[in-house]
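In the two assemblies presented below, chain A is common to both, partnered first by chain B and then by chain C.
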Partner chain A sequence: MYIEQIQIRKTNPIASLYPITKLWIVLIYSVMSGIIATIRFNGYAYLLFVWFLAVPGLSFASGIPFKKFWKAFSKVLIVALMIIGIQMFLVQTAGEGHSIVELVRWHITDWPFVIAPTIYEYGLQNGLELSMNILNVAGIFVWLFQTTENKELSRALEKSGLHYKSTYVFMSSLQMIEVLGKNSKTIMNAQRARGVETEGNVFVRMKAFFPSIVPLVLSAVTNTEERVLTLESKGFDTPCKKTRIFEVNKNGHEGLALGITIALSLVFVVWKVLQWVR
Partner chain B sequence: METKKKYTLKNDFSMVALLLIPIAVAINFVGGQLASLLKLPFYLDTIGTILAGMLAGPWVGAVAGALTNVVTGIANPVNFYFIPVNVIVGLVTGFLSRGNMFSKWWKWIISMVIMALASIISAAPIVVLVFGGVTGSGTSLLTATLMASGKSIWSSVISVELVFTVLDRIISYVICWLIIKVIPARTLVKYSCGEFYISKKARAAAESAGEDAPEDESEDE
Partner chain C sequence: MGTVIEFANVTYNYPLTKRPAIKNLSLKIEEGKFYGVIGANGSGKTTLCALIRGFAPSFYQGKLEGKVLIDGKPTTEYGPGELALRIGYAFQNPFNQISGVKDTVFEEIAFGLENFGVPFEEIEDRVVDVMRLTKIEQLAMKNPFEMSGGQQQRLALASVLALNPGIFVIDEPTSQLDPEGTESVFEIIEMLKAQKRTVVLVEHKVDLLAEFADEMIVLKGGELIRFGDKQEILSDISLEEKGVQLPQYAVLGNKLINKGIALDYIPITEKQAVEVIGKAVRQGGAS
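After this line comes the complex of A and B, so read on.
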């Protein structure tokens, strides 16, 4: 019963794939995204949109609720839209000697003193490629981290040979972020109660930064000594075999998942080779 | 006679240094959060890396930097692309620290210049080649304005990055200097490069205490 509570039982076959397999899928997907970006139809890399469909497809097939997915993904989406916008309106050409193709010239009115925004074709193509690349890679990483618990990932990496101290540092970092985050709010409130101004112009706010962060870091660093003692007393540093209480196992569908990924990738590789040869 | 100190990877990654890394990562995270909470136009996510580099050398600093961007990348995948920037901050700071480049004020200025150059050389190509100049942070608006006024992507990004990255690093270094000043000598001594930062007063106090106590073989740690 106790072990059951420690182990995470996932029912979705895709979400419970072995973490290393998922890492392979992420890697293949990202590399392929770069390759597909070079397949152009009339200058536009339309296939990137098709390739991108795998991200929401995988996410919903893994049973991730839309809100969770959206929270992480929206940040990247905003960056991508900004990239397209700026490239589209501002980037005219790749370099000297290339012709500037203006796609759309809008005239809001016929008044001579209204500036009409133009969309440059090169900027649009470049922007689409850059942002779709980012969306693809970021999206697949979002899928990875939303279907894999951090301790599953560390355990799988350890099984593949990562040193146990590295795993500890990784897990400890995630914990320390929470701890220091809570401490920082406490310290900021305490300093505010002592009269440190946190609202106002940039310089006032900058002055508020130092008294907030110095006590935080200081207490964290000086507490390290005790934590070292604790770890050493628990045998962390001794060069003996360690036992693990948390296990990660393959769920049997890894071969199928990798097979499908490689097959789909090969389709596009062949497409690219054919395009190149012609 | 003072022998030149030999740095080994094993000594760099002692238990105290290993435990410094999660703290460095957390500081970077919190620093970034505080910066956006107070709406400052800086990233302030290298404070921990610089601290780790100054205290425990380049490799510990580099690991702290890389891990920061991996962990923050989980929440905001854009940060994955900037792993090299944080790693280089850690490496440069660590090597400068080994060369004791933080002891006099003029050495600080040289270190700052080296740091600023290293940061821009590593950050600008990523911003231009991967993001086309726009990363979604506060400085992107400024970059976009410069681009709209006709400058090329490279010069807009580099000019904006130059100003804000340099300021960012200066603030981070000042914070680290303040912190190291307050860390007690007995903690500093446990880190590879910590001995450079022990103040003269503490050194004098230790030596006078050492004269009274029986002579011990000093351990090379």
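After this line comes the complex of A and C, so read on.
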């Protein structure tokens, strides 16, 4: 009764793919982003935008609501836009011997000591490539973690041969992110009650950093020691074959999913080879 | 009833310390009895628990002289996990007694059984039995991190109980709990006593210890200063000078005797206090 309740059952054929298969898809997709970035047309890696379409495509095909996808992805998008902005305004040249190509120069005034913002072509090309690579890799990981529970991934890794202690470290690290976040808020409140200023300009916040981070780290170390004792008390270190009540299984579509991923990747690999040969 | 735990002239130093945390300790703990451990802060209570459980010296390192024997075998000779099946261990912070990798109470309790390779078919029945005994079955699908401190401590005890050890070492399980949480944890401890398990309980709530313990272990500065019958020890007012807190009924009883009121004996529990003081009052009223 309870063992059945803790199993994860999904109806969507993509979301229910075996976690290791999804990991392979993520790996192939990420590597291909790097390769596709080298296929340039007039200096621009346009194909990265095409490749990126797989991320929202996979997410929606997996049944992820747009709101949920957007909530995770929008944070990465902000970083990507910042990178484009910094690169296109500041990065002027690829190196010695290359001319500076100014795409746009805005004149606020003709007075010589006034800085006129300029968009540089090389910076724009670089920024777009870097940002699209980040969006591609981050996006595919967002898809992975939104369609796969941590315990599914952990169980699949263990079945693939990863040592159970390594999967424990993986799972507990993910859990601890949330716990540390809560603890840091508690510590900040405690320090505030002791008169430490935690709100204000960046210098005030910097001053509050160490009184907040030191107790957080120390409590994490103490908690780790006690957790080791807990694990030992529950036979974690016992050298025997472990039973596992939570299981993950293949849904039968893994071969097809990997096949499509590899086939699409080969298209771009061949494209790149042809471009290189010419 | 035989001896299950024996300290034979044990002295233990934590690493890099000069003062021993436990000094020349010799005592025998019998099977099926409930032992309360009391003493001032720093008297060696937690170290005693760590020595019984084998964490000292295997985890804490340090220097151990003498022997700590579990079922006649030194703790240092037990292999990984062997002591976990023999001795259940619970301590103060309920949050740190959660594995951190399980999403539900059911899985958390099953975690120990999984680690010992208990057959799949057996796990569900054992976990359900334990959840019923500890009255947490209604929380079976709850996330352990979303539970209150009292619930987490019940879960910690349930997780240990699932392994069915004969000995329980429990170190201040209620120090971080509110009165309601404390009461719920002591319900489980009462159940352990009813099941005749060997229990070694460190607690500052001496009134509760007086209710449940059979014998007392009193430590001061790492040394054993009293060991034996709880009635005799917990009514001895001279222990207060050694930093040991006595049950409030014992303090009251001693004060009444000092005021010239004759009591048959010094009470250490509420029931005893009602009986003996009530009798004195009736006799005083009659005269």
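Following the convention adopted for this analysis, the second predicted complex is superposed on the first by the 208 of 278 C-alpha atoms of A that agree within 3 Å, B and C clash if a C-alpha of one lies under 4 Å from a C-alpha of the other, contacts with A are read in each partner's own complex, and residues count from 1 in each chain.
Note that in this section a contact is a pair of C-beta atoms (placed from the backbone, for glycine too) under 8 Å apart; a residue touches a chain by one contact, two chains touch by 3 or more.
None of these values were measured; they are calculated from a predicted model.
Enquirer: After the superposition on A, what does A:244 contact: first (chain B), second (chain C), both or neither?
Expert: A:244: touches chain C, not chain B.
Enquirer: Between chain B and chain C, whom does A:231 touch in the aligned arrangement: first, second, both, or neither?
Expert: both
Enquirer: Under the stated touch criterion, which partner chain does A:190 make contact with: chain B (first), chain C (second), both, or neither?
Expert: neither
Enquirer: For A:130, using the defined touch cut-off, is the partner it touches chain B, chain C, both, or neither? Pick first, second, both or neither.
Expert: First partner only.
Enquirer: After lining up the shared chain so the two structures overlap, which partner does A:179 touch, if you call chain B first and chain C second: first, second, both or neither?
Expert: Both partners, chain B and chain C.
Enquirer: When the two structures are overlaid on chain A, which partner does A:274 contact: first (chain B), second (chain C), both, or neither?
Expert: neither
Enquirer: Which partner chains sit in contact with A:266 here, chain B, chain C, both or neither? Use first/second/both/neither.
Expert: After superposition on chain A, A:266 lies in contact with neither partner.
Enquirer: Check the residue A:141 against both partner chains and state whether it touches chain B (first), chain C (second), both, or neither.
Expert: It touches chain B, and chain C stays clear.
Enquirer: Return the chain, chain B or chain C, that is in touch with more residues of chain A.
Expert: Residues of chain A touched, chain B against chain C: more for B.
Enquirer: Starting from the residues of chain A touching chain B, keep only those that also touch chain C in the other complex, and list them.
Expert: Residues 168, 172, 175-176, 179, 227-228, 231-232, 236-237, which sit in both footprints.
Enquirer: Give every residue of chain C touching chain A within the complex, in rising order.
Expert: Touch residues, chain C against chain A: 53, 55, 59, 79-81, 84-85, 88-89, 91, 93, 95-101, 103-104, 106-107, 110-120, 123-124, 127-128, 140-141, 145, 156, 159-160, 163.
Enquirer: Under the touch definition given earlier, write down the residues of chain A that touch chain C in their complex.
Expert: The touching residues are 1-3, 5-6, 151, 154, 168, 171-172, 175-176, 178-179, 223, 226-246.
Enquirer: Could you please specify the touching residues of chain B with respect to chain A in the complex?
Expert: 15-16, 18-23, 25-27, 29-31, 33-35, 38-41, 44, 47, 51, 63, 67, 71, 73-78, 80, 130-136, 140, 144, 147-148, 153, 171, 175, 178-179, 182-184, 187, 190
Enquirer: For chain A, which residues count as touching chain B in their complex?
Expert: Listed in rising order, the residues are 72, 75-76, 78-79, 82-83, 86-87, 89-91, 126-127, 130, 133-134, 137-139, 141-142, 145, 165, 168-170, 172-177, 179-181, 184, 188, 198, 202, 205-206, 208-210, 212-214, 216-218, 220-222, 224-225, 227-228, 231-232, 236-237.
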